[in-house]
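Here subunit A shows up in two complexes: once beside subunit B, once beside subunit C.
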Partner chain A sequence: MKFRPKPLITSVAGILAAIVLWQLIAVGPAADSPLPPASAVAESLGTVLGTSLFWSDLAATVGIALLGLGTAALAGVVLGILVGSFEPFRYATLAVLEFLKPIPPIVILPLIVLVLGPTGQMSWVLVFFGCVLPIIMQTVDGVHDTDPVARDTARSYGLKEPEILARVVLPSAMPFIGTAMRVAAPAALVITVVAGLLGGGPGLGRSIYQAQAAGDYPTLYALVAVLGVLGLLFQGATRLVEGKLLHWHESFREAAHA
Partner chain B sequence: MKTSLPPTRSNSAAPAAPSRKNAMTEEQTPAPAVVAGTAPARLDVSHLAKSYGTGDKAKTIIEDLTFTVAVGEVVCIVGPSGVGKTTLLKCLAGLHPATSGRASIDGRVINGPPPEMALVFQDYNRSLMPWLTVRKNLVLPLRHLHLSAQELKERCDSALAAVGLEHAESQYPWQLSGGMQQRVAIARALAYRPEILIMDEPFASVDAQTRFDLEDLCLKIRRDFNMTILVVTHDIDEAVYLADRVVVLGSKPARVLRIVDIELPTVRDQISTRALPEFARQRTEVLSLIKRPA
Partner chain C sequence: MNRKALHWILGAGTPVLLLALWWIASEQSTSAFFPPLRVILERFQALWLFEHFQSDVLLSLRNLLLGYGVASVAGIALGFVIALVPVARQILEPLIHFLRGIPPVALVPIFISLIGFGIEMRVASIALASLFPTMIATVDGIRSVDPGLKDVARVYRFTTTEKTFRVYLPAAGPQIFSGLQVGLQVAFIVMIASEMLGSSQGIGAMTILAQQSFMTADMWAGILLLGVIGFAANLIFDLIRRRVLAWYIGSRKLARAA
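Entry: the complex of A and B
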């Protein structure tokens, strides 16, 4: 990849401008509101970063999000390939999947909290539920996108169905799975935080709730800022992994093989 | 609505008129296990028919095909476009079951992909896996053969050398030109060490110069490996240049109009062979069969 300084400078300038704007609004027209100025948030961010609670919260949030995402990816891809490849399987599951798809994870949160309590396990189940369905659906689409000529080629060389699924269908579906993962990765983070915020699961979400309950708005926004950065990192990491795995795909060829 | 089998096979028996003296008509021979003057049949297609759908909606693609391919022979199948040539190849490759009749290799009926056969598709860019390098594309069909690492390497090396692509082994197919990609597809077939090579319009989407090179490559493969080769093409010049025999198909549904013996020297050359009067004569013979209204 080529390094281009100009866009970098522009985007840094954009970030600085946003922070300055925030500071001006918080000090000026919104001085009476609970919105803390950027300077205060920066200050409490410094304090927060010095506590061990913050780092264990961060580890819990990232850990739960990644675990939920990883298990959802594994289950979603396997199920997606089965549903996409075998007609009876598809007809048996499609209605159920389509029914579950529009249900936001937050709706089933109370139920899961009731069963599992305010635990990491609860957060993980919620993340899994929120991520697995779109991954299944995209994988099914990817399976259907497999070129019939590629399949016929594999069949004509005597490859058996499991090998065709693993070596032809799965790679063909990868671009679709990649797209699903790019959407699911930030979602996993959001759901982990929501599980902490509303369900009392461990991590940054719970700390945000506690800061809010204590009226400690600078700390609240410091944690929100950390989440924002974390979201960017998640997004960047998925793009990086996607680019590595899909370097052969049309949409990545130029960047990877220039 | 068509009946798939008319009481008399008048439509296939009718073509009789032009230049019969050099052509061998086989359409009425029921089951030619041995073609006069050639080795025993390797691939035997006997009254093969293929239709899709059932009852009134049935669409007959192939009506009644009978021909043979002998060991080490190059046979080209020509016919008007849309005649069902690709369907025929899919039946021969065991990808589709025949509706009636049969295709067999050494007497064994084909009912699944035969292990001694390799198929080269027209759409090289769809049949090569874009996520695999050239070498890994060659390795893909060999995995389930459980070869030793040394034999695997040896097969890939020699196949790549045969098509002149040793230098491109670590590139991806989409980084190569169309002609090179089709050579990769051919190399993949060679590495599989088939006894029968079937090619579906293999040179249709490459430029003229590349096409000549690939045709000569095909003849070289036959010479070097004594491979039995069946090529489907719509290009009559190509068919006459490549083949020992040309199976001319008529439409629709597909049936054998005539099987033409090509009487050209075994060693062929793009310039001198195509300049032979015999080449022009046989080319005209095949063309007039195809051009004539069915």
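Entry: the complex of A and C
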């Protein structure tokens, strides 16, 4: 990879210009408005990063997101293989899944909060429901995409049905599952934050709600900025894991040669 | 043929069966969380048809359409600029990626702090949140336009307008539409969230207020309505997409058949 300093300089300049512009607007024309200046936000970011509450919030947010994602992946892949392997199952669930797919988990948030209260468990259930459907559907597609010749070859070599599932069907469904996970991982983080913000579940979402309700705007902005960085880390991490696990697949082999 | 009919019956029958099961199983229910479906539907009719139809349902939908419309037009336009002007890309890209990492719902408290709980806040949150998916997809779509196409446009001395509407827009169309679809989902989520956070009007506000005052059947009615809207919005979008991208979907089918 060639190092090109010029675009980097413009990019850094762009970020700096945005921050300076923000500071000028907040100090000048918008001095009476609730918009805090960038310097105040940076200051309260420093304060917030020094509190143990912040770090336990961060741990709760990441922990709930990962737990929800992990359980959803496990359940989604198992259910997806089941549904994808048996035709009647697939047709029976098609309409139901297609109906539920475009409905975001925030819709059932009031119900889950009512039943479970503002707890970590509530956030986890919400993340699970938000992530499991796309994973099921992608797994079903992946199972269907399995090369029938590979399947028949495995069968004529005398492999048993569970072995075919584990060695032929699952690997060929992996890229589909990978795509689903890449979409689901940032979504898990977003849902955890939503569950905290609207449902009072533990984590950064709840802190943001409290900062807003208390009128502590610098902290509010600082926490939202932290979420922005966290979101980028989540996206980067999933891409990295996907590339590591699927390095053998065509779509990734290309990238390795380039 | 017989098999096909069986699949049809399974596909259409399962949702009916599930609904029937829900009806029968909940009929004698005295649980505070799961009222009988009959009661939910009665409340659905009483609430949404027509007592609160204009004051809440139409209001929510208008906010959604307005915010989403602004975001779509601005997203495509900004996407064009960022993709075609290298300096703009270098300056804005890191900023955009950072903002994209922020969970869209976390922007709602910021807008509340800036412009209060009014309708403007809701429309602005919806617009800003659903801007990013469309914009990023447009940038990606335009950057992956076949260089041959660009050369041909140049050889034919297309004007900028002609190039924009006859070359770039159609070539990037499929990707722009997938961005628009994500944008619609985000807009829908933020519509609900902006109403749930301290507003008194709209479907989301009615649903969360019903939950907080333990009017479970009303809450269920809200969840049902939101679910139906989420599904219907996606369906309408898909119909439009199929119409606009008919040429693309047709060519893909031909390519796959070959």
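List of remarks:
Just so it is clear, the second predicted complex is superposed on the first by the 220 of 258 C-alpha atoms of A that agree within 3 Å, B and C clash if a C-alpha of one lies under 4 Å from a C-alpha of the other, contacts with A are read in each partner's own complex, and residues count from 1 in each chain.
The rule we apply is simple: a contact is a pair of C-beta atoms (placed from the backbone, for glycine too) under 8 Å apart; a residue touches a chain by one contact, two chains touch by 3 or more.
The model shown is predicted, which means the values in this text are computed figures rather than measured ones.
Once the two complexes are overlaid on the shared chain, A:Tyr217 sits against subunit C while remaining clear of subunit B. In the superposed pair of complexes, A:Gly200 makes contact with neither subunit B nor subunit C.
Set side by side, subunit B and subunit C differ in how many residues of subunit A they touch, and the one touching more is C.
In the superposition on chain A, A:Ala92 contacts subunit C only, with no contact to subunit B. Using the contact criterion defined above for the overlaid structures, shared-chain residue A:Gly243 touches neither subunit B nor subunit C, since it reaches no partner. In the superposition on chain A, A:Gly70 makes contact with neither subunit B nor subunit C.
In the superposition on chain A, no contact is made by A:Pro118 with either subunit B or subunit C. With the contact threshold set out at the top, not one residue of subunit A is in contact with subunit B in one structure and with subunit C in the other.
Across the interface of their complex, subunit C is touched by residues 7, 10-11, 13-15, 17-18, 33-35, 87-88, 91-96, 99, 101-104, 106-111, 113-115, 189-190, 193-194, 197-198, 205, 208-209, 211-212, 215, 217, 220-221, 224-225, 227-232, 234-235 of subunit A. Residues of subunit C that touch subunit A in their complex: 6-8, 10-15, 18, 33, 87, 90-95, 97-110, 112-114, 185, 188-189, 192-193, 196-197, 207-208, 210-211, 214, 216, 219-220, 222-223, 226-227, 230-231, 233-235. Looking at the complex, you find that subunit B touches subunit A at residues 90, 93-95, 113, 115, 117-119, 121, 123, 126-127, 129-131, 140-141, 143-144, 172, 174-175, 192.
Here subunit A touches subunit B in the complex through residues 147, 149-150, 152-160, 163, 167-168, 171, 174, 248-249, 253, 257, going by the rule given at the top.
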